[in-house]
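Okay, structure first, notes after.
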Amino acid sequence: MSSYSVFRSKIPVRPDDIDMNRHVHSSRYADYVHAARFDQMERCYGMSMEEFAELGMGWVVRTSHVEHRDALRMGDVAEVETHIAEIRKYGVKVEFTIFRESDGKTAARGWFDYILVNALSGKPVTIPDEIVVKYSI
Amino acid sequence: MSSYSVFRSKIPVRPDDIDMNRHVHSSRYADYVHAARFDQMERCYGMSMEEFAELGMGWVVRTSHVEHRDALRMGDVAEVETHIAEIRKYGVKVEFTIFRESDGKTAARGWFDYILVNALSGKPVTIPDEIVVKYSI
Amino acid sequence: MSSYSVFRSKIPVRPDDIDMNRHVHSSRYADYVHAARFDQMERCYGMSMEEFAELGMGWVVRTSHVEHRDALRMGDVAEVETHIAEIRKYGVKVEFTIFRESDGKTAARGWFDYILVNALSGKPVTIPDEIVVKYSI
Amino acid sequence: MSSYSVFRSKIPVRPDDIDMNRHVHSSRYADYVHAARFDQMERCYGMSMEEFAELGMGWVVRTSHVEHRDALRMGDVAEVETHIAEIRKYGVKVEFTIFRESDGKTAARGWFDYILVNALSGKPVTIPDEIVVKYSI
């Protein structure tokens, strides 16, 4: 079990997220997690994606794993809870759960491996110590 | 100038809205307006899209016209202001302006012609009087 | 009536384009036109978007106008026909019609004003003469 | 190793798939696989998604697992190769590899668990024998 902090972001469902089954389209859950990470990087970890970009670095997805439970629908708000599960040399593993705000039911859960890369070369970058410190809360 | 009420909804920019120019992708402004309409139909006009669906009706876009001004970026919140410009036999013309929340600058403006249709046949439906009343605020 | 050449591109409908009404979502028609323009810039006009980028320039949408007719559905292929309607100092007006491949019916039609900009500053750029020549076919 | 047939579909990259890093946005690889499945269900397995819908059934994603390798860019065509890895009581596991058409490099690989559901109730449905036969090629 991770000992790192858990943070939550609210992502409202938009009409363009809804698919032919009248559910949030399956690939959009990953987008909700990325949106939550952007929010939490700035608000919770004190270093926004823009600040990484200014240092010539960026985060990319290496692996995504999403388990779908109870589909979100139009009118729902996704509550996306994430925490860092592991800090590695070149990246972090982030675990997430997406809840439906109205009833607290789990809509999806899973994890993402994000890799820190040089924005120009695309090559993996060793996570700087000061970022390891920021992410170790 | 329309004498109908003006309503505002806040739509946060998501990472998956950003395009290769690091701006909100041009077609997403229409999606922000539709999201604002869904919100305002329920919250401001007292009849949600779901209630139209239960009556066997739905709203579809007949014509969209979008003028782009100052592009939104990651981290921005779109403030979408809409008002009904005209109520017609089969539909409504909705005018909108999208502002950037942080500085109030206009990101886009334009209008949509929405048509009320029978959900099964897709044929235009005369707007019922009670809906004309709801929309005439 | 424009005297410039008319070109066609085929864009297959994807499942993630379909909305809650089981039609191609209204804002995706604009995306199909942009996809057709990318294809035609390289294949028909002899200058790809990448070549513009190498010159430090890019095309952005100033105004979009889309009239919806007969909605596309899953399994359809969009045939996007475009032609340049007007070449201006800073941009071009492109008119389009989207046909359903299977029966030739018109799904949507309209026009886009594209502006040529400096990729760094975002400011409009006078269209270079050699590009005016390429676009005057 | 699966003994079921391997099929390929070509999915061209669209401008609206490109993200702020000028790569195909990470969640779109899942969309490319779903698009390939739609194509292959009709063309290779002899039963389209529409035919399932007419029987009151539909396929939904239960779990998705995507490993990203060499990012696709504007101008690329995704060659999506899928095969059924396992046929279960309520669903199938589909493994996929996405190649870049121009050089054959692997862009992404992974698997999806799809569940067959009753379109109205959303409850899992035992895969009918005749569909097991169709999928066992």
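Going in written order, the chains are labelled A, B, C and D, and every chain counts its residues from 1.
The rule is simple: a contact is a pair of C-beta atoms (placed from the backbone, for glycine too) under 8 Å apart; a residue touches a chain by one contact, two chains touch by 3 or more.
In this text the structure is predicted, and so the values were computed from the model without any measurement.
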item: Shared interface partners, meaning chains that touch chain A and chain B; value: C, D
item: Per Cα centroids, the chain farthest from chain D; value: B
item: Distance from chain C to chain B - Cα centre to Cα centre, in angstrom; value: 24
item: Whole-Å gap separating chain B and chain D, where each centre is the average of the chain's CA atoms; value: 33
item: Multi-chain contact sites of chain D, meaning residues that touch two or more partners; value: 15-16, 27-28, 31, 34, 74
item: Residue numbers on chain B that touch chain C, as the complex places them; value: 21, 23, 26-28, 30-31, 34, 58, 60-68, 71, 119, 122
item: List of chain B residues in touch with chain D within their complex; value: 15-16, 18-20, 22, 25, 27, 74
item: Residue ranges of chain D touching chain C (in the complex, touch as defined); value: 11-12, 14-16, 28, 31-32, 34-35, 38, 42, 48-50, 74-75
